Amino acid sequence: MNWVDEGALYSQIASFLREDLGRGDITSQAIIERNTRARGRFVSGEKMIVAGLEAAEEVFMTLDSEQQLEAFAADGEEIETGKVIARTTGFADVLLAGERLALNLLQRLSGVATLTQQYVRAVEGTPAHIVDTRKSTPGLRMLERYAISLGGGRNHRFGLDDGVIIKANHVAVAGGIAQAVRKAREKLGQLQKIEVQVSNERELREALEQGADTLLFADLPVVEVSRLVDIAREQSSKVIVECSGDITLENVRAYAEAGADMISVAALTQSARAMNLSFQIQLA
Amino acid sequence: MNWVDEGALYSQIASFLREDLGRGDITSQAIIERNTRARGRFVSGEKMIVAGLEAAEEVFMTLDSEQQLEAFAADGEEIETGKVIARTTGFADVLLAGERLALNLLQRLSGVATLTQQYVRAVEGTPAHIVDTRKSTPGLRMLERYAISLGGGRNHRFGLDDGVIIKANHVAVAGGIAQAVRKAREKLGQLQKIEVQVSNERELREALEQGADTLLFADLPVVEVSRLVDIAREQSSKVIVECSGDITLENVRAYAEAGADMISVAALTQSARAMNLSFQIQLA
Amino acid sequence: MNWVDEGALYSQIASFLREDLGRGDITSQAIIERNTRARGRFVSGEKMIVAGLEAAEEVFMTLDSEQQLEAFAADGEEIETGKVIARTTGFADVLLAGERLALNLLQRLSGVATLTQQYVRAVEGTPAHIVDTRKSTPGLRMLERYAISLGGGRNHRFGLDDGVIIKANHVAVAGGIAQAVRKAREKLGQLQKIEVQVSNERELREALEQGADTLLFADLPVVEVSRLVDIAREQSSKVIVECSGDITLENVRAYAEAGADMISVAALTQSARAMNLSFQIQLA
Amino acid sequence: MNWVDEGALYSQIASFLREDLGRGDITSQAIIERNTRARGRFVSGEKMIVAGLEAAEEVFMTLDSEQQLEAFAADGEEIETGKVIARTTGFADVLLAGERLALNLLQRLSGVATLTQQYVRAVEGTPAHIVDTRKSTPGLRMLERYAISLGGGRNHRFGLDDGVIIKANHVAVAGGIAQAVRKAREKLGQLQKIEVQVSNERELREALEQGADTLLFADLPVVEVSRLVDIAREQSSKVIVECSGDITLENVRAYAEAGADMISVAALTQSARAMNLSFQIQLA
Amino acid sequence: MNWVDEGALYSQIASFLREDLGRGDITSQAIIERNTRARGRFVSGEKMIVAGLEAAEEVFMTLDSEQQLEAFAADGEEIETGKVIARTTGFADVLLAGERLALNLLQRLSGVATLTQQYVRAVEGTPAHIVDTRKSTPGLRMLERYAISLGGGRNHRFGLDDGVIIKANHVAVAGGIAQAVRKAREKLGQLQKIEVQVSNERELREALEQGADTLLFADLPVVEVSRLVDIAREQSSKVIVECSGDITLENVRAYAEAGADMISVAALTQSARAMNLSFQIQLA
Amino acid sequence: MNWVDEGALYSQIASFLREDLGRGDITSQAIIERNTRARGRFVSGEKMIVAGLEAAEEVFMTLDSEQQLEAFAADGEEIETGKVIARTTGFADVLLAGERLALNLLQRLSGVATLTQQYVRAVEGTPAHIVDTRKSTPGLRMLERYAISLGGGRNHRFGLDDGVIIKANHVAVAGGIAQAVRKAREKLGQLQKIEVQVSNERELREALEQGADTLLFADLPVVEVSRLVDIAREQSSKVIVECSGDITLENVRAYAEAGADMISVAALTQSARAMNLSFQIQLA
């Protein structure tokens, strides 16, 4: 991890801990003897791609810089039910204070990674890549993108500042596709690729004529995608095609076979459920 | 909303916007004429309890303090498919910059509220209350608790600092239930209610003897809950009973009928899916 | 100390240092050779319960992470006049930069602890506990509560968010005691104890009928407290009684003997004077 | 008030409110109807110089930007017992949330101003000025200096960065008075006045020979101060003399008459007690 | 200005003011009567492209939200010597507190804009664009980029995160140009353009074979640039060429005529001098 | 370096890095193998007084706390062309991420130090000191003052809060020089020196009569300065004289010989150009 990501992770974990701890864990303060030491271990309750071990360790290290995690699996690894994924030893009050957040992170991120893997497997053998969307959980984009990459997905632009995608709502206020792409080319063209959402053949041709690099087909049926991909490839051998909108585990392969280079799947962050994982503490 | 919640909401929204905007929306900067005005409207794609309209408005007002939302439904209201929930008029670049975050919040929070309502309806007619857990999304606890209350659920303690719950992991390091409750009583008893997780009759009696106010039955079968509730009521007419662990829409009513006062449901925040909602922009 | 308190202490000390140092100690910068090393020692000028040594050490460690304090007394210990409480060795400019703040903290906190001890001794042998109030110095509540606990006092709720006390001003706007307690019961009763200020028998009965857990007698004469305590105990064997208002070293025992469980004393933080302590520096 | 002080006051008040409110006032949230309006008034319980009205108003305005204070006395004014100092109308929950902090500030700052005035009156008719010290309450220096100026005192340097005072502890590590003053002159002399603590005639002569501008007599008896002042005035007509150390209301005039230009009084911030002031709320 | 830039500008101005004001302007506090009103006006001392008026206004508005600037020229306009560029009326202490920072910003930014314009004019009639570099003043990149755009320059990537440029130092650790470009293509190719520094024909061919979009010629003589541009255009009709390194007003046109699409000029931010501008205050 | 300066430097470097890195260095992330180690060295491209090595080291240490700089020259040392000033070994991505900022700081600060030295040498043999002004680069005052001291200059007041200078704009709103100085004396005189800008003999006499300590001659011709200095010295043997305004390397000695004690030179921070320095990276 580099300085930017490390700094962001540390500051997120600290803020999540403050959310849960407020003025401090009054239960532990009342009933645990100071300096009591304990052991804790994370155990999987189902099969999953594990994700978030680095974040979970950061939870404990933020509370006590000496308390590392001994991991028996790596982020991105597929594990079976009943596996001891990691263990840690430290002050009992630190384990109890960090337990819930560490689990919340592990359960959610593993859920995202596991679901991503299912999509990636569904398109195996096709040239299509599964990519993420900006439909992430507010505040968790960095971590969710990480989980998606662990599951075999690719990361699209991080936010509105590091990639140009002209969507239908932009076109509506910019006065048409041709005009929107032309302006983007003028202002940004030497430095940035331009992606444009098109919904039919006319729009596709307009976009490519103005020099669009990437086409986005949103909410189009597979047959229409297939037809438009052929037309696009004829126009420009280098054009990249992305599909999005209501992509499910059932239909994702069909879109891949229709010729999409990238398939962006909102479900990765909108429908992943928390994996079954527990944390067991005992005296050290 | 009071000062504390307002301040927290404002600072969260600003931080979520920074996550998505980074150094700014380069697409809009390139293709939208400065000062172009536009209209946007949120439309439901399915039936739901809507939640997050105040947060969505805060998104736009953070970007431009003049841009309010005109809502046609209130947070907590049940709406049908195809309903225009709210609309707003403002600068086109503000609408485009806030669109994704506003939707991300509305879709998720409405999902939580809608799922909560299903649980609440499932126990209707029983004295049991559906309550939330600390298994919330890191960083979103305040908003998710709000969505749960809109769905008819009740809010349990916010975090580790405003309520005492002695769980199995605490007991493991504190040296037994009796000892844990006694210490908590001594240190906090005049000011705080003491809740204790118990898993059998012996533990239940120990807890009540030491003056526990509330009992938590986690992961116990319904019949066992029913038996233990009867014993508890005999011991203390005022004791409160909470159930938790693998509560589903299928089994929740059974737990309620077994005599629980509170049923805490992790699924409210761990398994809610994003509701189908869209935002449509056109020139003003 | 746990993470929450450590973080809060560190950030307070740093902010207090910035208050005193501004852009830096221009006297030391001008006249002390870089890297000059020196020794300093804290000496008591009167008998006291010492409090704040951990905070004083944090002052020096914030300025120079290597500079620890060697303490010859522990926080909470009673010391005589002329005692060397602690000493430290480090860079001369660090000692000179931290001296004033370390003393300001030690003198004030020791003053609070010493005064608390006098109150605690005054009620020795009665079941009453001396407790703190929210009449603390703005910004110093955490440290003053700590000093009070060192002096043998107990800590009441930290702030408005971790305990329910319905005072006369609340009753005035809530429409009467019965109504206020009933609402509090409904909203918070399963999770929180309810404390209510009552000033006569009628109010006491109203409060207990609605299920108040704790009664607060503020500014009542001892005889009236005594009478009301008896009535309260008849109504509910578990009710807790707190007295407050113009409690002095002269009258505190009378209130304790009148049956109060808790006596909250504003003077602990409002009238404590700074203890006589000095810091002497010489070349190392 | 200028931008610097305004910003500092606002940020302090907000931080003090967060200290008291934490996650919010659960009592008001439970029992006060939303949007209930109420009136509150501050009433004096004893004679005092009032100080802190601007700060008290900032408390309420921070909670609700519309809620101003109508003051019937000005900061610095002497008021009698039973006087209604100020009143305010607003939301009941805002009044209840701000009440304690507003009182804590008013009571303490009025205490400082009132005590200062007693010292100022004690030296009336002499050329001496009562000045403050760095023995202020950590975090409250700006407000306490303000209260001291309201009581008729003068403000000495704010912190270590805006004035040079070479005290005994500096001399101990700098290698003597002559050397310390010479270095300070060299480094800072064109821009800053140099003040030096001296304890006898030899040190006084050394200091003046090296060009000290101001002499500090700490913990010297009045007769010695008197003798040294005469010697100093002979050496330099422009020299300024400050006295400090165990200054009391009883001995302050003697020091003034001994010829001090400034008498710095630690008691102003170390021994002031909170004034008797109350806040009464009723429905609007 | 959008929310991101507004927020960044506001927070920069506030931080610059704190740098200059520290604990407040002691001169004004001592000698200016409170509420004295005054007028100030900015007057040019030489011919320039003015830049920074919005920033200068933000200086005064940060100090006093009511104090706007009445501008008689727009950012980016060319003005003559002796021109009153803007005037403002407000509190005298606000004018005196903001004067220096407002001038520091206007003088520097106008210097950058004016120098940029000279470079832009030097290449007039050629297809080359003058672009900025990351050799900006630490902390001022946003403002300097803005000044450069006012002078007619174009903005290259903001920082390391929004554009890929593989320079010689990257190649040295990545194991050759071919390998570096190939990896970049794989990881980022669908979303980002790849720019590569090449210093001879072999490197140029390697880069283009691996799919580089843009070539950077750094520190190459004009004739070599000319030759390489021809080779590059043969290979790929769409390739973009950037030149950099020791570009001066004397040689910039030659590089433009050699076929560069972009010429990045470090001098714009490294050698611009402050323009001659003054601020004159009088009583209002 | 003391705590205040260390803290300020660290927080500046971190903020400068965030400016350049945004969400991270996408080029390195794509093409550099994780954990690749490399060596870098700074080489001078011209003769200069080097300044900023401590800041450059802080750049790398902020990115990776283990990565120190091995310096072959000290800040303030004069070095020749082609000198290896410092080298460092660490992770390749850290070197590439810090390179630009480290250079930007070194080049600019060395430029300021080098130019300062030229001014200092120009007045060698006279009693005049070259001093800095508040015409520094916004945000960089601390670092630029440091560079100026390395070049042999002296530091004037840091900002508006640690020194009193009454300039023409102050006089214009304060109602005349006599009145301005008198007020300043009254309010601040015991603690602060008073400097006053005067432009002729009448103003000079007014200022000295009211007790000004220092006179500022701004934009006056050398002969006039010479004449006024003589008059001032007659009035007060202790008066200090500062000159400012359009001081150049050509005329600075004349001002020094005219009798100025301090000559403040805006050009030090307004006209210094970046020195020629490069950073070369290779595999370790």
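Which chain is which? They are A, B, C, D, E and F, in the order written, and residues in each are numbered from 1.
FYI, a contact is a pair of C-beta atoms (placed from the backbone, for glycine too) under 8 Å apart; a residue touches a chain by one contact, two chains touch by 3 or more.
All of these numbers come straight from a predicted model, not from anything done at the bench.
A centroid comparison over C-alpha atoms places A as the chain most distant from subunit D. Averaging Cα atoms per chain gives one point for each, and the point farthest from that of subunit F is the centre of B.
The pair with more inter-chain C-beta contacts, choosing from A-C and C-D, is C-D.
One finds 47 Å separating the Cα centroids of subunit D and subunit E. For the pair subunit A and subunit E, the distance between mean C-alpha positions equals 35 Å. Averaged Cα coordinates give subunit A a centre that lies 23 Å from the centre of subunit B.
Across the assembly, subunit C contributes 21-26, 29, 97, 158-159, 161-163, 192 as residues in contact with two or more other chains. Chain contacts in this assembly form a complete graph, since each chain touches every other chain.
Those residues of subunit A that touch subunit B in the shared complex are 12, 15-16, 19-32, 36, 38, 92, 95-97, 99-101, 103-105, 107-108, 134-142, 158-166, 169-170, 172-174, 179-180, 183-184, 186-188, 192, 266, 270-271, 273-274, 279-283. Only residues 129, 156-157, 161-163, 190-193, 214, 240, 261-262 of subunit F touch subunit D when the two sit together in their complex. Contact residues of subunit B toward subunit E in the complex are 17-18, 21-25, 29, 62-64, 93-94, 97.
Subunit C contributes residues 22-23 to its touches with subunit E in the complex.
Note for the complex: subunit D touches subunit E at residues 2-5, 158-159, 161-162.
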